[in-house]
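Below, chain A partners chain B and then partners chain C, in two separate complexes.
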Partner chain A sequence: MDERAVENILSSLSDTRNFNDPKYCHLCLKKIMQYSVKKSADMSVFLPAIVNMMAHSDLLVKKAACQLLTKISGAKCELMVLAVNTLLKDMKESNPVIRALAIRTMCNVKHEAFQEHCISCITTGIADNSSYVRRAAIMACLSVFHISNEQGNVWGEVENEKFQGSGLVHKLYEMIRDSDPVVSVDCLLVLNELLRDEGGVVLNKKLVGYLLKRISEYTPWGIAYVAKLIQKYKPKCEDEIFDIMNCLDPYLDHSNPVVCINTLEIFIGLISDMPHLSEDIFMRTQSKFLSIFSSGNVELMTTTLNFCRKYPSDMSKMLINHHKTLFCKVKEPSYLKVEKLNFVVTLVNVDNFKDILEEIVTNCYDNDTDVSLCAIQCLGRLVRDFPDLSDKLMKAFNKLLHSDKSHVVCNTLQVLVSLSSQNIKCVGDIGIRLCTIARDQTDTEGRTAALYLITSLDTDSSELLYMFECFIEEYDDLDSKVKCQLLLTVVKLFCTQPARYQYILSDVLDLCINDGVDRDIVEQAKFYYSVLEANPGLSQTIFQKDGIFNSDNS
Partner chain B sequence: MSASAVYILDMKGKVLICRNYRGDIDMSVIDKFMPMVMDMEDEGQMSPIVQHGDVAFIYIKYNNLYLVASSKKNANVALVFSFLHKLVQIFLEYFKELEEESIRDNFVLIYELLDEVMDFGFPQTTDSKILQEYITQDGHKLEIAPRPPMAVTNAVSWRSEGLKYRKNEVFLDVIESVNLLVSANGNVLRSEIVGAIKMRVYLSGMPELRLGLNDKVLFESTGRGKSKSVDLEDVKFHQCVRLSRFENDRTISFVPPDGEFELMSYRLNTHVKPLIWVESVIERHAHSRVEYMIKAKSQFKRRSTANNVEIVIPVPPDADSPKFKTTVGSCKYAPEMNAVLWTIKSFPGGKEYLMRAHFGLPSVENEDQEGRPPISIKFEIPYFTVSGIQVRYLKIIEKSGYQALPWVRYITQNGDYQLRTS
Partner chain C sequence: MISKVGIFTKCGEVIVEKDFRNDVPFDCFMKFGDKIKSLKGSTIPPHYVDSGVRYFNIQRNDIYIVACSMEDILPVMVIELLTRLYHICKDFCGIVTELSIKENILLIYELLDEFMNEGYVQLANTEKICPYILSTPVVVQKERSPATEMSSRVFGIETKLISSTASDKPVIQSATDSNKNELYVDVIERMSAVISANGTVSRIDVIGSVNVKNFLSGSPQISIILNEDLVVSDGKLKGYGNSVQLDRCTFHTCVKQEDFNTARKLTLAPPVGEISALTYNVNGEISLNQPFTLNSFVGDADGSRDLRVTLRLNANFSSNKRAVKMKVKFSVPKSISSVSTKLMSDEHSSTFDKEKHYVIWFIKQIPGKTESMAEFRLNNQGNNGLTRQDIDPISIDFEISGYTSSNIQVKGVKVQSGDKKNIKQKTFVRLITVSDSYVFRTF
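And now, the complex of A and B:
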């Protein structure tokens, strides 16, 4: 919408025939609203039209006009006074929707003319006999509170004082006991935010008891919120703990998953001194978790798995026989697959080992790099956790290294590096494969890992020499990380088989010392050289396979 | 909770509609959202939460829309997600479908709805039955403007008083979806039934309904353990059902909302024989061709029939010149899905059908090898439930004493039904 369109709308609205046609007004408002979304939109030109429409006989037009009014700030005063008067008149309307709308608008416009009426509007509103209006009035407390606390707000301080002096906080505490469940929860919400600096709403035994008694009336959102709030409360004696748990028990399998999780957290907090109960409580929520995991709602599954991570041992105990619900599906996004794999691997026991292994191996070949890396890491974890089976598991790594997907190979190498050399020996004869990988891989991480692994294997094929010659030839194009590893690998190999690698070492050292780009490499090469020169016997023990350098992978 | 603002964006990241609830963030910060999502997508590191400075974007995707909530505070993410999903559900109930077009067409109405469902970042009334009573699609004169129904304050918050129908009817659908995952070597990895009882209620006044099922726990407690019954797990009810009564004596009693709603859902983990079983032999001859032999078997009783069976067999993206041979149904190559669709209009129980497909492959191999997606199956079996659940009675009691007709229908369909291929 450009300037001309704006003028068109304004001039057409000044025609009473158009103005009295609600359909036409909707259309115009729609355009103005779309315009208002734009960043640099100057809304003040619309002010006269909007103020006129606030008194329109069509409810939708009225609502939209009020909504738009909140987007205009710093405009002409007399029009604003007119708008305020319209709202004050609306406060006396018989329709609760209009009364609520008036309160909401009054408290949301950041303008002096409105601010002086806010508190009185709210006070009238919370005493209204329609719960719809009471709700609007309660929530409006928050906007008034935030506006008056804003920095640089000249009239803010006065308003803030007025707000503190109005006794609204006390009134809100009283209204927790309002007959309308939504009003009751809204009061808690508002109080908790108003009193944030003092630690939120104050919960005593009486209030908690009251909330628990009423909780069944609340909306799911309300229950979830109250459950979150009660987590703060620390009961004094064991009887009270059991009372609370009895009241909340039905909400452990409420149809809203958030309610269940929040309730579960209350229980976990309550039984912190009674660890023997924890298994029962987690088992109680088992079916709920299972239904979340088969719900197909990816966001919910991800956040729930995230929650599970907070209580790893309890959760894996609870879900150990249901590992299959956590298997990945092809279409799931990678972030969920990663969460699932990381959790499934904690569930492994003797009975489900085969299933889970199959699942992990399948995902090792996933097209997504992250998923594949995660699955291979899980495989690595199994190797460490089950030393008796590690020999067999390492065979799987051999297969992975021969995959035709380069990211799979690269990920496998990265995981292999983190395993002990004892394990790596079980992979089988991969020396030649490693040489090819080191030569052909384009990924720096993969190449470095392959070069590192070569030293932990007893390979003396001519392929190795050929590979090093290739590296020497393209030395200038190498990444400095690869250069570093190359140097270390050659030094190590030289110490085990000096005669064989003498020429290679001299070439590599020569290249490194004369490296014009990377000072680090030069220093390192000089250092290795001086060590080798100073005490050949000692350097052999340092660099040899079982020497100190083998335990770290830098 | 406390979301600062809610946005609805199109696929390009253009704001279709937005509502600022707390006024504590700069609304234009949303411009940063889409580029960040794109970057993450490029790097293959998708995440449902995107953080920019001190603003977090929590989003879901629906059709060609992004629904984004932004928050500055430490919001409860799970709650925000369920709120966004609820929002989708509300829009669907209002507009039947939710896409760019329906947002544009109902711009002002959506603003109105956004105003009602959340206030200052906290969810308020999200029950669409209630919303529909005072937020309607056509404009209103003030005098007759709808008022928020008493129900908002009522003890029975999901039903308004004073409803009247000329003909009092209730429709009850028992729908069971079968989720199945079979590994490449034919092991059933997962098999479960997700059931739902959906109702359409057209009843006057404040009726009291009681539903009787062949529930195992109920049967055993009343000494009818021998009759055929079902052991329901993980039963979830609509909020109208009196949970305490169900806990006590397994009676499902409730005052229903008006119109369409889901009364309950349940899950069964019992191992049932997969209703439709598919065996596949795939011969890949690299650089020249690939051949499929697919055998589909219906493993349910002969007197039932599966309708609209669709077997989706994935093929390599670079396959060409399809050839099919089958005795039953029709085959179609769907290149946009990289799959062959084998559709069988009517598939009686205890039958076995065969299909062969042949594709050419280019001599130059495709660079990035695709994973091996599973075969998936869609189907629908009317008048049949896998679990054997039955509605024994549906009693309708209203104080005016009218007679009402209950109609019951059973259907079994596929859920997430997949068989991995080797």
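And now, the complex of A and C:
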């Protein structure tokens, strides 16, 4: 929609025939709505038309106009007063939907003319017969509260005083016992936010008892919110703890996962002194978690797995026999595969070791770099967690290094670097392969890792010398990280076999010291040189393969 | 609590934007839009934090539904909330796509107003929101080829074809088709399997659900009768035989479980809109039928370094059904420069993606009890010979209507309405099996 179209809409709406046709108004409002989300949209041109439409006899037109009014802020004009008058008139309408709409709009528009009427609207609203209007009025308290607390707001202070003096907080406490369940929950939520500085809504034994008695009336979301609030409450005696648990037990496997998780967390808080119960409680929620994991809702699965990390040992105990539910599927997005792999690896035991290992190894070759890296890291984790099997597991790394997918090779090297040199020796004869990788890899991380690994292997093939020659030739094009590692690798190798690497070292040092781009490299090269020159014997101990730089706990 | 909710197209354009609390930076939606634009094939995680703003999103069809918050809230909650919102939109608009959102924008804003206030959920139930909604939905039809139309059985006797998108319609109906008094029962099974080269099943499972889409007037009670021989084993050992054996069942809250336990039927008074009355899991080859078997033959081509791959795909389901949208995909080594193919008919086609190194064999449809074959010659530029390990794994995609792998059937649907006998109810039952992750290993 361009400027011409805007003008067209405005001029056509000024015609009363069009204006009185609700269908036509709907169409125009639809266009304006679609226009309003554009970045450059200037909505103030529509203000006169919108204010007119707020008084339209068609309710949908009125609704949409009110909606649009909240999107126009800071307009200073007479029209706003007109809009306020319309809303005040609407407050007296017989239709509760219109009354609620008036309250919502009145409190949501950031304009002086509106704000002076907010408190009186709310006070009338919360005494309304219709629960729909009461709900709107209660929630409107929040917007008034936030506006009045805004820094630098001229009317803020006046409003704030008015708000404090209105006794709304007290009224809201009373209305927790409202006959409408949604109103009741809304009161709690609003109070909790209004009183945030004082630690939120005050929950005593009586109130918690009341909420638990009523909990079955609440909507699922209401239960979820209430459960979240109850998490704060600390019962005094054991009887009370068991009362609460009895009341809430049915919600541990509620169909809404949020209810289920919030209830679970209440239980976890309650039984902090009775750890023997925790397994039973987690088992109660098992079916819910399993149904989430087989729901096919990828976002929900990911966030749920993320939640599971909060209680690693309990969660893995609960799901240990259901590891297959958590295996990756081809079509799943990479973030979910990563979460799944990270969780599945915590489930490993003697019975399922083979299944899980197969799953991990399959995913090592995934086309997505993140998934592949994660799977290889899991493999690395298994190597560390199961030292007696590590020799066999390391063989898998050998195979990974020979993959023709360059990201797999690169990821494998990164994981190998994090493993102990003891483990790396078990990979088998990979020296030549490493040389080829270091030469051909384009990825900086992969190259550095390969160069690093070369020092921890007993390789003395001509391949190695050839590789260094290649590096020397293309020295200027190398990334500074690679240069750094190249220098260190050559120094280390020189210390083990001085005769063999003498020429290579002199070439590399020469290049590094004369590096025109990177000062760090120059400094480092000079430093190595002076160490080697000052005390050849000592430098050998420093740089040697099993020296301090390369020990397992470095 | 939630500060802002919006809907984005997959190009990163905002189509709906609703601020509930005005406390997030004004540019946070722009940032999210830029993030979508810079994707290039990867995916946005459902939850992340960027300069203090918490972003949550779900991706459905061709849109993203996004929420922002300044507070540390449980991600599961926001995701569930957005999912709920999606379902409500779906109930009201029929389908949720970029086009339908744009067409129904007034309706969407109305829904958002009822759904949430000040960032807290108010009403999250189609039935409860319904009275407050004034807009009439604009129905946008999804385009689909006639091949995907599914056969349905009306009252189990006559056979009548209706379009598969027939149930994609809003719960509020316009005056012209207010006499539509329909009920759809869909059994959808999503299969995943890993099958080794010698044909043994190393893993096979199905996630199934019985979805009820209710457009009946007067909220009557309905019962869905399932197979009599259905067994819920729940961890116990399974027996061989033709009976349907489910592992785990989860019911919607409105389903009377006693009737299921005694008579194998689902009795429920469904709310208006779509619910999944029953979700179940089935594991293992004892209780599941494999719809397809795939044999792969890999060999050298005439002494050259090229690789010859022959795939034979057998459809094992009965001959009156057919699978559509078949895709067979395998990856190839980097050294493959081109692929030549020999396919059976026009219904088959294939592509080779040189950048991502894979080959896909497309088949429009496969009738049951038939074999399809394709030959590929992979032109190898590398020095090394190739083996069958290099094309591992082969994954297939399919959609079969009228078929369930677990053999679960809907034997009948009864609607018990007290009043309005003159309005005829129509019930439609559909069975669909789709692949979730169906993989054949080649070694």
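Throughout what follows, the second predicted complex is superposed on the first by the 521 of 554 C-alpha atoms of A that agree within 3 Å, B and C clash if a C-alpha of one lies under 4 Å from a C-alpha of the other, contacts with A are read in each partner's own complex, and residues count from 1 in each chain.
The rule is simple: a residue touches a chain if its C-beta (ideal position, glycine included) is under 8 Å from a C-beta of that chain, and two chains touch if they have at least 3 such contacts.
Bear in mind that the values here come from a model prediction, so they are computed numbers and not experimental data.
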item: Combined model on chain A: chain C and chain B, fit or clash; value: clash
item: Partner chain(s) touched by A:Asp180 [first = chain B, second = chain C, both, neither]; value: first
item: Touched partner set for A:Ser506, first chain B, second chain C, both or neither; value: neither
item: Which superposed partner A:Gln497 touches (first chain B, second chain C, both, neither); value: neither
item: Partner chain(s) touched by A:Met33 [first = chain B, second = chain C, both, neither]; value: both
item: Touching partner for A:Lys23 - first (chain B), second (chain C), both, neither; value: first
item: Partner chain in contact with A:Ser313 - chain B first, chain C second, else both or neither; value: neither
item: Partner chain(s) touched by A:Thr219 [first = chain B, second = chain C, both, neither]; value: both
item: Footprint overlap on chain A, where chain B in one structure and chain C in the other make contact; value: 26, 29-30, 33-34, 37, 39, 59-60, 63-64, 67, 97, 104, 132, 135-136, 139, 142-143, 146, 182, 186, 189, 193, 219-221, 224-225, 255-258, 261, 287, 290-291, 294, 296-300, 302-304, 307, 324, 327, 329-330, 333-335, 358, 362, 367-368, 404-405
item: For the chain A and chain B complex, residues of the former touching the latter; value: 22-23, 26, 29-30, 33-34, 37, 39, 57-64, 67, 95-98, 104, 108, 130-132, 135-136, 139, 142-143, 146, 179-182, 186, 189, 193, 217, 219-221, 224-225, 228, 250, 253, 255-258, 261, 287-288, 290-291, 294, 296-300, 302-304, 307, 324-325, 327, 329-330, 333-335, 355, 358, 362, 365-370, 404-405
item: Touch list for chain C against partner chain A, complex; value: 1, 14-17, 19, 21-23, 30, 42-43, 45-47, 57-59, 74-77, 79-83, 102, 105-106, 109-110, 113, 117-118, 120-125, 132, 134-135, 190, 192, 202-203, 205, 207, 248, 250, 252-253, 279, 281, 283, 331, 333-335, 356, 390, 393, 395, 436-439
item: Of chain A, residues touching chain C in the complex; value: 26, 29-30, 33-34, 36-37, 39, 59-60, 63-64, 67, 70, 97, 104, 110, 132, 135-136, 139-140, 142-143, 146, 182, 186, 189-190, 193, 219-221, 224-225, 255-258, 261-262, 287, 290-291, 294-300, 302-304, 306-307, 324, 327-335, 358, 362, 367-368, 404-405
item: Chain A-touching residues of chain B, taken from the complex the two chains share; value: 1-2, 15, 17-18, 22-24, 27-28, 31, 44-48, 60, 76-79, 81-83, 85, 107-109, 111-112, 115, 119-120, 122-127, 134, 139-142, 145-148, 152-153, 155, 157, 179, 181, 183, 189-190, 192, 194, 233-234, 236-239, 243, 247, 267, 368-371, 373-374, 416, 418, 420
